[in-house]
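Below, chain A partners chain B and then partners chain C, in two separate complexes.
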Partner chain A sequence: MSNRTWFVTFATGILLLALLPNVVDGYMLGVMRDALIFGLFAASLDFFWGRTGILCFGHACFFGLGGYVMAIVSMMPDLAQQTLFGLVAAVAASALLAAVIGYFMFFGGVRGSYFTIVTLALAVIAQQVAVSWSDVTGGDTGLLGVPPLAFGALDLSGDIASYAAVAVILVVCLLGLRLVSVGPWGKVLTAIGDNEMRAAALGYNAAQRLTLTFTLSAAIAGLAGALYVAMAGLVAPDLIGLLLSTEVVVWVAIGGRGTLIGPVVGAVLVQRAQQEISSYNPSLWPLIIGCIFVLIVFLLPDGILSIAQRLRGVLPGRTR
Partner chain B sequence: MTALLEAKDIGVRFGGLDALSGISFSIAERSLACIIGPNGAGKSTFLNVLTGTQKPTAGSVLFRGNPISGLPLHRIARAGIARKFQIPSVFPSMSVADNLDIARRGTGSAPALEGDVIELIGLSAKREVKAGELPHGEKQWLEIGMAIATGPSLLLLDEPTAGMTPQETQATARLIHRLQARLAIIAVEHDISFVRALDADTLVLHQGRFFRRGPFAEIEADPAVRDVYLGRR
Partner chain C sequence: MKTMINRRDLLKQGAGAAMLAGTGLSFPGILRAADTVKVGLSIPVTGLQAILGETLMNCYKLAADELNAANGIAGRKVELIVEDNQTTTKGAVDKARKLIGQDKVDVVMGTIISLERSATLSVTSRAKKLFFYPTNFEGGECDRYFVATGPIPMQQVDPMAPWIVESLGKTVYIMGSDYAWPRKMTEAITAALEKAGGKVVGADFYPFGTQDFGPAFQKIKDSKPDIVWSMVVGNDAVTQLKQYRSFDMRQPLIAPLDEVFNKDALPPGVAAGTYAPQPYWMSIDSPANKAFIDGFRQRFGQDKMVNGIGEAGYNGLHLYALAAEKAGSFEDAKVLAALPSVEFDAPQGKVRIDGSNNHCVVNSFVGKAKDDGVGYEVVKSFGAIEPVTPYCKL
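Presenting the complex of A and B:
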């Protein structure tokens, strides 16, 4: 996606985010806020997968870890600035886990489908740990009563305030990730994704670059997890397991891998579709969503965001 | 003359097969050597040893007197050894200029080198063309350009003219002669017309050993070398 197209889409997205509180009620604003948090999570996966071509199938590990750490830290009694310390600890914990995993995997030469399989196993292990380590994680029930976001006197627990906080964080993160993606660092990542040996022969330490990128991606996933838990007021093992890890891959694939905005759109659309379809048919919705996913992958392999580019190609007076 | 690179008693063994059997080689600054030999002689394995992608089972490689055997590829590149791979390895989704820019940044060589290199490889008019859209010969030149843009002292070329037309092959030979004024070059090649055009110090690799070494005219006239190429020996 060209820089111009990306920024036009980005600006349109900001406009829609700004208009939304005027056209929906408080409940729907909360639903959209949660969907945007999952959008941020999807963008974090896309930053790594979209640039390097290496699929992490256990990204919910970092989302869930951020959520658990946020819950544990912000529920500490007598802790001042719970939100701030919770967010910092959540981001740091997810980044640290990714740095350790990334170091051993990338410096150990694990790439491609092997990396995907190992991270898939990690998601299973993480969920099992969350269930079994009940003294800390609350077991199957999880942890309830996580306080909402608040920075000193600034209370972000209201519908509009929490929505605005999430929207601003999402916009800032997307812009930052885009600048990194199209800058020299992103070009090297693309080069490593295209041909790692060639990149190494030019003097790039591919393992180090992949580890750092994976760490940044996980840190943002951890931030998303922390935000979600603070908004929901609870954390449970399904936020760290295989199902969410699979869902985020679907959101990125549907939205358009490598675009950063596409995965956000994919996450929001799939979440809303799930809610609408399940209200009509509570048992068949996974099948319907699955069929839609297969159709999109076949008809729009570059994701939903590619529709605009396709239309532009067929409009009269335009050239491709 | 002091050796820029020196390989001592290099051996590489794959299971029960000796791909390289105790070969030694050295090359001085700003000199040109050409390694020829039939398929399976060990030419690419030898280049792999020099660039760290193949760890030798015996022997050592010294670059400017420092051991480099076993170092990772990126550290060997930063030390000043660049390589052009047998299969053109450019970044297809990036423009010619971006390919050269990313090559230059890998080792932190001077930005001015990029403009110089693009002139040298004759792709100034195609700066913004995506590398994946270039014809095969130009991809080969771009990859040579990327290797030069890293600012190396030694350039390793693995079959640089594979798939080129005769005109492109001769142009590549002229390019290499121009480059020789700046850096040392080791070229591994099958195409005898290209090796003849280079007219350099030539080594014949056969069954993992250097079988002959000398000026190309002598090598070409050697009946034993012809036997090697025709599989009679």
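Presenting the complex of A and C:
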């Protein structure tokens, strides 16, 4: 996606986010807020997958770890600035886990589908740990009573305040990730994704770059997890497991891989569709959603965001 | 083939409910609120617990039909709003918010496994909305607006332990899936057996997805307990029971099964002869139970089974109706205040809510699976058991 198109889309997105509180009620604002958090999660996966072409199938590990750490830290009694410490700890824990895993995998030469399979196993292990280690994680019940976001006297628990906080965090993260991915760092990543040996021959330490990128991606996933847990008020083992890992891959694929905004759009649209259709028909909805997915993959292999580009191509008087 | 037909029936009902909800939307909000009482159901229609979810949903439908056939609740028609929580945390949070925030339901009911419950509870407790939970669970919840109509471990285990020592044997080996409910049950069993003069000689917990219980059975054969008490659940229970038979284990087996699971998930006959503690069995001989089963089968099929979770859901809606009528209001706090003072003549026997912890005084029975491996005969009835919760005093 060209830089100009990206920024036009980005600005349109910000405008829509800013207008939303004027047109919907508190409930719907909460729904959108959660969808945006998962959008941030999807963007974090896309940052790694979209640039390097290496699919992480266990990204919910980092989302869930961030969530658990947030829950545990922010529920500590007598801790001032619970939210702040919780967020920092959540991001740090997810980044650390990704750094350790990334180090052993990337420096050990694990790439492509092997990486995907190992990360898939990771998600299964993480969920089992969350269920079994019940003294810390609360077992299959999870941890209830996570306090909402608050920084000192600044209380962000209201509908509009929490929505605004999430929207701002999302916008800042997207912008940061975009700048990294179009900058020199991103170009090297693309080079590694295209042909790692050639990139290495040019003097780039591919394993190190991949590890750092993976760590950044996981840190943002951890941030998203921490935000979600604070909004939902609880953390439970399936937030760290395989199902969510699969869902996020779908969101990225539907929205448009490698665009960062696409995955956010994908996450929001898929979740809204899922919620509405499952309310309309509680038993038939997986079938309907499945058909829509198949259609999108056939008609828009580059994701929903490619509609805009296609339209531009069709409009007269414009050339790309 | 049979499951296909069942599923199709379910779809039809689902579509019907959706259409009902759709037509409801065309009325102005205030009129609608005055005419109906809205019961929000968070049910695992899809996902891991879909088998049990279908039965639970049908039990709520039966209770709503019965109420509507009479006078509704205090003259208002009961409107069920069914939502699929997908057996996930995210799904359950979303659906609870939708039921409260968008549909403005008067009460939330349903959910089966712990993560559905805690996700729903995290929403309902913040919103101060009544939440009726039907499933037997590990206990530990204590919330003003949370009402449990199923048993906690002590209600199943305490009365059963002396009976076990007397009629089955003194030493028990425990096998459980590795999560909270089996672990809490094991604590309760260990304490209760000790009191009764028995002993837990071993307890092993297996991660979900365990394929091979052979080594476990070898261990059990070596330690020669009188009884094996299993709390392995879900698909793993299917694997475990098949292997229990093929390993030719001789000990009587206590397993957390019921009629619905035996019929829909287990190969025929595998469960035969196993014991289970439950607050409800289909074979309980009472007019209320006969009416319950007849009503259920008339609506959902003559071959259908019901279980304790479904019955507890049915009881929950009826208890809510009685309490709301007595309170003369649908306000959460007023219904809650009236709740301990009503009693419902449930299929299992009389049930009521203990106001000190909002848990249900349930009956307790030992069932023994018949030779077909589906139905149970009641081999021992302990009567009504009070829920004792040292951790909760409301």
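The working rule: the second predicted complex is superposed on the first by the 319 of 320 C-alpha atoms of A that agree within 3 Å, B and C clash if a C-alpha of one lies under 4 Å from a C-alpha of the other, contacts with A are read in each partner's own complex, and residues count from 1 in each chain.
Going forward, contacts are C-beta pairs under 8 Å (C-beta built on N, C-alpha and C of every residue); 3 or more make two chains touch, one makes a residue touch a chain.
Only a predicted model underlies this, so the values are computations on that prediction, with no experimental measurement involved.
Of the two partner chains placed by the overlay, only chain B lies in contact with A:Met197; chain C stays clear of it. By the document's definition of touching, of the two partners only chain B reaches A:Lys187; chain C does not. Applying the stated contact rule after C-alpha superposition, one finds that A:Asp46 touches neither chain B nor chain C.
Touched residues of chain A, counted separately for chain B and chain C, are more numerous for C. Those residues of chain C whose C-beta lies close enough to touch chain A in the complex are 7, 10-11, 14-15, 17-18, 21-22, 43, 45-46, 82-84, 86, 88-90, 93-94, 97-98, 101-102, 113-115, 117-119, 121-123, 126, 138, 140, 178-181, 183, 205, 207-208. Interface residues of chain A, counted against chain B in their complex, comprise 184, 187-188, 190-191, 194-195, 197-206.
Across the complex, chain B meets chain A through its residues 51, 53, 72-74, 77-78, 82-83, 85, 89-94, 98, 101-103, 105-108, 146-147, 150.
The residues of chain A lying in touch with chain C in their complex are 26-28, 30-31, 34, 128, 131-132, 134, 139-142, 144-145, 232-239, 243-244, 275, 278-286.
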